[in-house]
Amino acid sequence: MKLTKKDILGIKDISVEEIKLILDTAESFIEVSTREIKKVPTLRGKTIINLFFEASTRTRTSFEIAGKRLSADTINISASTSSVVKGETLIDTARNIEAMNPDAIVIRHSAAGAPHLLARMVKQSIINAGDGAHEHPTQALLDMMTIREKKGRIAGLAVAIVGDIAHSRVARSNIYGLTKMGARVIVAGPAMMIPRDIERMGVSVYHKLEDAIKDVDIIMMLRIQMERQQQKIFPSLREYSNYFCLNRNNITLAKDDVLVMHPGPINRGIEISPDIADGPYSVILDQVTNGVAVRMALLYLLIGGKS
Amino acid sequence: MKLTKKDILGIKDISVEEIKLILDTAESFIEVSTREIKKVPTLRGKTIINLFFEASTRTRTSFEIAGKRLSADTINISASTSSVVKGETLIDTARNIEAMNPDAIVIRHSAAGAPHLLARMVKQSIINAGDGAHEHPTQALLDMMTIREKKGRIAGLAVAIVGDIAHSRVARSNIYGLTKMGARVIVAGPAMMIPRDIERMGVSVYHKLEDAIKDVDIIMMLRIQMERQQQKIFPSLREYSNYFCLNRNNITLAKDDVLVMHPGPINRGIEISPDIADGPYSVILDQVTNGVAVRMALLYLLIGGKS
Amino acid sequence: MKLTKKDILGIKDISVEEIKLILDTAESFIEVSTREIKKVPTLRGKTIINLFFEASTRTRTSFEIAGKRLSADTINISASTSSVVKGETLIDTARNIEAMNPDAIVIRHSAAGAPHLLARMVKQSIINAGDGAHEHPTQALLDMMTIREKKGRIAGLAVAIVGDIAHSRVARSNIYGLTKMGARVIVAGPAMMIPRDIERMGVSVYHKLEDAIKDVDIIMMLRIQMERQQQKIFPSLREYSNYFCLNRNNITLAKDDVLVMHPGPINRGIEISPDIADGPYSVILDQVTNGVAVRMALLYLLIGGKS
């Protein structure tokens, strides 16, 4: 079975079957990164453009490693060096890249919908690496892969997502994905960080961390975007941390075999205490490892093996 | 036939036979970028340094893709990360790069003549990717390739180049190339944007767009460098646009099968109206596609197939 | 014989036998960079991360070229684009990179000891590409390689290191290495640039250039870090230059076959006069060439040929 879509823009538009296909494929790629020679010729002669309008180490690096382990040529374009500084529109940038005949364009952009616009304009496969507060589908896929790897299934699990739900593309993509896959999703955070109509997405809402994580199988802590704190969403980091930091005390409320996840980079002592981040429940680094495999799977499914 | 020069510094120094050789070779490389596996082993084991002292997405990306599709190793060095910030001279930078045994150095620099200086100092092939307001030979070559591809010839055609001729390396390189190849070249722009002695280069000068494009085969619109507008070359962008924006009305003065070209990135509504940029006369994206092929050809002719 | 250590953190911890092994291996790699096809398949399928928290052209480029000529995949991460700007700790950055299964991490950092911290935290090989004012082992290795290449030996030679000894990681690594290899090391500089207890490292101290370089075989001039001159270590560059610039007059005090070395980038006319930098005694560009070979050797010895 192959992926029939041209692009990966969000989890909202992906079917359960497609998610399963992606996760199964990603599992088969995990092994490549543990070999002595971490390289397969699958995408030899393919060109992948990493077009990043927002700074990112891990996501860009993860995509670059994924491409290179599949033998593709990878080209990085970052906003600071881009024609965007000369006032070119996103569409013109994309059309110009298209004219150089790449096979896939991975895009991160601060504007929600930017990848969708590109996908309509150009013939190449577009992968959304994060668009504003909208979606971050590869993050949700690597999260689901990690859950399935550790728990054997996603359906029937209780997953608490904690933090600034309103501004989190990670939360949105995971809510779409986890509910599709049959998990029960709970969100929690200060009132101003919970979107008004979030229940419509099929989730339960709590305003206390302790209530949210009670008896759950998975706790997914979101990163507090400290760079956004000019907007003063909450009184202080200290106050946030007092109420919403996952630590050795409150984690006992969850199931004994709870998994702790975080999309990174973590703010130690703010949304998660160091002993929990580094402790036995944490699968944070497994998420990173699986991120490379998920991105290899998507690149392979979208632009590989056409023959 | 091979290119006997070590470097590509400007169109002024290239013969008609050399231009034809480059364009013929570039045509043969067009096909590589449309294959399922866009890669030939021609430059395997060659090292190409992209040394950019001015920001550039498209030119750097075009060279990087060209190198990679020929299987060369490509290394990007940008001024912001370079030793230049530590006060090293251009010559020392170049000699240091030379000592690492690359095969070619692609250089963009804000100072006219910088690539020529390098070419005298180091043994490797130097390709000028734009030096100040002097020359941008690969742009002129891709422009000529595009004209020849669409019109079957260059000789005998009338080509209008419109905009800030005085500060445009694209204009200078194209004037050298197009007149050599037998085209009739017309330049147009506000008086302050036309160099005093430009007629000596074998071109006709007009100060009205309408006069310049009358009955021409090709209109080449230059980019208005808005970042330079501190210098206040003209009263306002609006005024410039009123007189020199190519649009659906004035384009009717040109031949029915006129081609519209632009080196990009375009300022929509300033030097070119969106409907013309995206319309049937526009070959702007063909220029970008041909840019990769021209750069593959130059790299191949300069450093490939020595045996 | 193989290198048994996991990491290259400093010359202090490397044995004489290990230094000889590295230099012998580097010599055998010199030839690769002079071939028509400058590439061997030794590290195919290996992933090397260049993690640079300080700007650098030459060291990063040298490592990138070294990796590519061994057929490894190389990924560049620079501090400005890194999660570090989001407040992530160095350890979390390293662990995340580790989770993507690279084979080696090359790190440059302004904090002394940063590479050692990484080496303890992650399972991959760490190569120190310069840590604060502490060590720069690959520079010392390429310097020793250059001396051995030109003089046939290191033992018994007199080497003067001149400049800001106190703030120079190049000086420290060379002092460790050269004394281990049996050279006699002299350091010289203004009083404020000489660490109090430097004699304990087995060197002689002079405060006049002329005294230091008398009858030496090698003069190693250090770069004056002009970007540090806010701290006003010495009254003026002019005064420094009056007393410590190596020029055609004072160089006659050294042996007739003296070698002049400099880690670059050089400040012409400040620590070294242009005629000396470019003259017959200078092996500055040989150092650069040998830098690629030393880095190839280290990558090969650390992560290659495990089978």
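Details
Labels A, B and C are assigned to the chains in the order they are written; within every chain, residues are numbered from 1.
Keep in mind that, in the parts below, a residue touches a chain if its C-beta (ideal position, glycine included) is under 8 Å from a C-beta of that chain, and two chains touch if they have at least 3 such contacts.
These numbers were taken from a predicted model, which means no experiment stands behind them.
Between chain A and chain C, the superposing rotation on Cα atoms measures out at 120°, rounded to the nearest 5.
Two copies of one chain, chain A and chain B, form a contact in which under half of the residue numbers belong to both partners. For this pair, chain A with chain B, the centres built from the Cα atoms lie 40 Å apart. Counting partner chains per residue, chain C has no residue touching two or more of them.
Contact residues on chain A toward chain C in their complex (touch as defined above): 33-39, 55-58, 60-62, 64-65, 68-69, 78, 226-227, 264-268, 285-286, 288-289, 291-292.
Interface residues of chain A facing chain B in the complex, by the touch rule stated above, are 44-47, 49, 73, 75, 77, 80-89, 92-93, 95-103, 306-307.
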